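You will see subunit A twice below: alongside subunit B first, and alongside subunit C after that.
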Partner chain A sequence: MNDIGEGIVAALGLLVTLDPDLIDISLRSLQVSLSALVIACAIAIPFGTFLAVQRFRFRRTVISVLNALMGLPPVVVGLVVYLLLSRSGPFGVLGLLFTPTAMIIAQVVIITPLIASITHQAMRDLWAEYHDLLISLNTTKVQRVGTLMWDGRRTLLTAALAGFGRAIGEVGAIMIVGGNIDNVTRVLTTAIALETGKGDFALALGLGFVLIMLALLVNFAIHGLSGTEREGRW
Partner chain B sequence: MSDMLPLELSGATVRRKGKTVLGPVDLTLAQQGLTIVIGPNGSGKTTLLRVMHGVERLSAGSAEWSVPHSEARRRQSYVFQSPIVLRRSVLDNLCYPLKLMKVARRDRVATARDWAARIGLGDALATPATRLSGGERQKLALARALIRKPDVLFLDEPCANLDGRATRDIEALLLGARAAGTRIVMATHDMGQARRLATDLIFMVSGRVHETGHAGHIFTHPETPELTAFYNGDIVE
Partner chain C sequence: MRRHLIACFAAVFASHAAWADDMRMAVTTSFENSGLADVLLPEIKTDLDLDVQLLVVGTGQALRLGEAGDVDAILVHSRAAEEAFVNDGYGTHRREIMYNDFVVIGPQEDPADVAQAATITAAMTAIADTRAAFVSRGDDSGTHKAELKLWSEAGLDPAAFGGWYRSVGAGMGAALNTASGMNAYIIADRASWLNFGNPGDLALLFSGDPALFNQYAYIPVNPARHAHVRNDAAMRLEAWLTGDRARALIDGYAINGQTLFVFNATPE
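Right after this comes the complex of A and B.
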């Protein structure tokens, strides 16, 4: 119990003094996870919507694979991305290993299936509602996907937030591909792992509180920006 | 008068789950008029309309317009039995088909406002369509169908659940569209409405066209005992 108390004190101390290391680490966490989120959404949301609208031969298989990929262990993703990016790997020449870019790539791989799967489920219901009308109006595939994404944007927000939560809290994969290098690839989660390992529980807990606050802040910010509460009437 | 018509159905048949839901139906939809489709529940009215509109897969037979299929699809509208509204404002619901037709934004909004006023929703432009009452939704779905200025308009019981006044409003809109040259095909359970509007009648029983004829004759001289019974409000199996 004492540790938690000290953690809160440590966290407040770090925050009040605007500790430069803490700010640096937090900003990097945000930068990596938000970049991963934007890229993953750009792929997963149209793809998940398309899966809801289009019948094709291996559709069920694709959906099962997607659901299975949701449970992909991050450590294994990290390992595979590591092997691909390592000097002897196929993308070794790019020199991306142990950079924030490598961490973004790993997080994109982890959260894209999650966002695509939630998107697909939400869009399937909306498509059932809109199906007859959009067919009758002679819409093209692209128009159908566009209409569903626009009218279902509030559910898509939930999908995106779930993805962000998973990305910012993830430690296994980014530890492997980022290497937890001070001032380069250290983020909140890897810093927490490091401080815990060193036995500095107060600092670890302090970082932990900052991480939670950050996650909450981003949630509120996105909800606020999109006006979900005000328009939560659909 | 539209060059899309006549529409020829020959041997049109729809089977679902091993059961014949419609047909075989042989029917010509003439160039002019307002055709009313009547018949008991489950007799295939909706299925017939959907086949004509081209959104129901045929198991056998054909449905051919006098113009190519893709052009025909562009020039017709359909109002579904349970109205479908988009999760958008009333104004955006009305703008939607115009946007698909690539009408410029300013014209879209002006036209949509005009139609909203015509269906009595002029003060509810910003209201989410999902908040409308059942009758208001039905009117919105009708306006959204008419805003495309279709050559042919299909309506599946557009006045079910509406009170007398709303029914009268909708009938006025339909007669207006008809005067502007829109060919209307409409299913209804309301015999009074059928008598008021029809120039032709199609009477369906068990997925088949049981009797058809012109309004002047078929209402006063039904040929089959089933249609006579239907007029009398008796149960037709």
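Right after this comes the complex of A and C.
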């Protein structure tokens, strides 16, 4: 119990003094996870919506695979991305291993199926509602996908936030592809793993509280900007 | 559209290529956990204007990173594996830098009476005979290999041990945490032990046997195998690590008044 108390004190100490290392690490965490989120959303949301609108031969297989991939183990993704980006691997010439870009790639792979799957579930219900209207208006496929995405934007926000949550709290993959290099690829989760390894539980826990606060702040900010849960709306 | 995408990617890559002088070195967890890295790296930055990016892994993985050409140099402590690495042409040469020693950590009550043992062989035999809980790194690291060597010198085979021998497959700090939680014996390097923040009921029980000597060596990755490795930076770093500046810093590094490393690089 004592360790938890010390952790809270350590977290407050880090925040009050605006520890430059902490700010650096936190900003890198945000940079990596938000970049991964933007890229993953750009792929997953149109794809998930398309799956709801379009009927094709292997649709059910694709959806099942997508749902299964939601549980993709990050450490396996990390290992595969590592082997691909390693100097001895197929993409070694790019020199991306142990850079933030490699971490973004790994996180995109992890969260894209999650966002696509949630998007698909939500869009399927919305499509049932809009189906007759959009067909009778003689809209094109692109217009249908666009309309669904716009009208379902609040649910898509949930999908995106779920993806962000998985990305910012993830440690297995980015530890392998980023290497936890000080000042280059160290983020909050890998710093926590490092401090735990040193037996410095107070600092590790302190960083953990900072991570949770960061996730809360991002969620509040996105909700505030998009105007959900405001009075008179839902 | 495609052209824009390519431009975006090019910008991302260019930003990495634009970093000034930096190199990557794979080091063992025991080196990083000892805190010596925090002393040496800023000085290297000042003296050589070189950013050394550390990848903190076990010796096994460090050697793999070197083989794949993902790092420019490695600093590890497992002589047989290092010599094989150089002989296979992955590294240009092996240069000894410094040493520290391994110690036997265990519960203060010391059920196996390790503190009274005359030699490390006797200590290891005593632990096996009492079947007291023992935590092994189990991650193919230099410390793990040293521990296996100690068992085999005592004529024992860990594969035949029962449930008291727990292989955790983790770094030095994580393994010490496990040992602390289970009040178990463990072989650790002295530096990591002194820097460890969660000792619980554990204490240093045995040290000083010459068999516990732990030599660190520096190996630049062979540029003939991987043309992209920063061999020039690796050579500059080697010159610094074997020089007088490094000698003063390494010999002077102490925790609670205990010197951790002894510099023993010889001039070429």
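One rule holds in what follows: the second predicted complex is superposed on the first by the 230 of 234 C-alpha atoms of A that agree within 3 Å, B and C clash if a C-alpha of one lies under 4 Å from a C-alpha of the other, contacts with A are read in each partner's own complex, and residues count from 1 in each chain.
Criterion: a contact is a pair of C-beta atoms (placed from the backbone, for glycine too) under 8 Å apart; a residue touches a chain by one contact, two chains touch by 3 or more.
Owing to the predicted nature of the structure, the values given are computational and were not obtained by experimental measurement.
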Partners on subunit A (subunit B, subunit C) - clash or fit: fit
Subunit B versus subunit C as contact partner of A:Asp24, first or second or both or neither: neither
First, second, both or neither for A:Glu6, with subunit B first and subunit C second: neither
Partner chain in contact with A:Asp182 - subunit B first, subunit C second, else both or neither: second
Which superposed partner A:Lys198 touches (first subunit B, second subunit C, both, neither): second
Partner chain in contact with A:Leu137 - subunit B first, subunit C second, else both or neither: first
Shortest CA-CA distance in Å separating subunit B from subunit C in the superposed model: 24
Overlap of the subunit B and subunit C footprints on subunit A, listed as residue numbers: none
Subunit C to subunit A touching residues, read off their complex: 12-13, 16-17, 24, 29, 33, 53-56, 67-70, 170-174, 176-177, 180, 195-199, 226, 228
In the complex, subunit A residues that touch subunit C: 86-89, 92, 94-99, 101, 179-182, 184, 194, 196-201
Of subunit B, residues touching subunit A in the complex: 53, 55, 73-74, 77-78, 80, 84, 86-88, 96-97, 100, 128, 130-131
For the subunit A and subunit B complex, residues of the former touching the latter: 126, 129-130, 132-133, 135-139, 143, 147, 151-152, 233-234
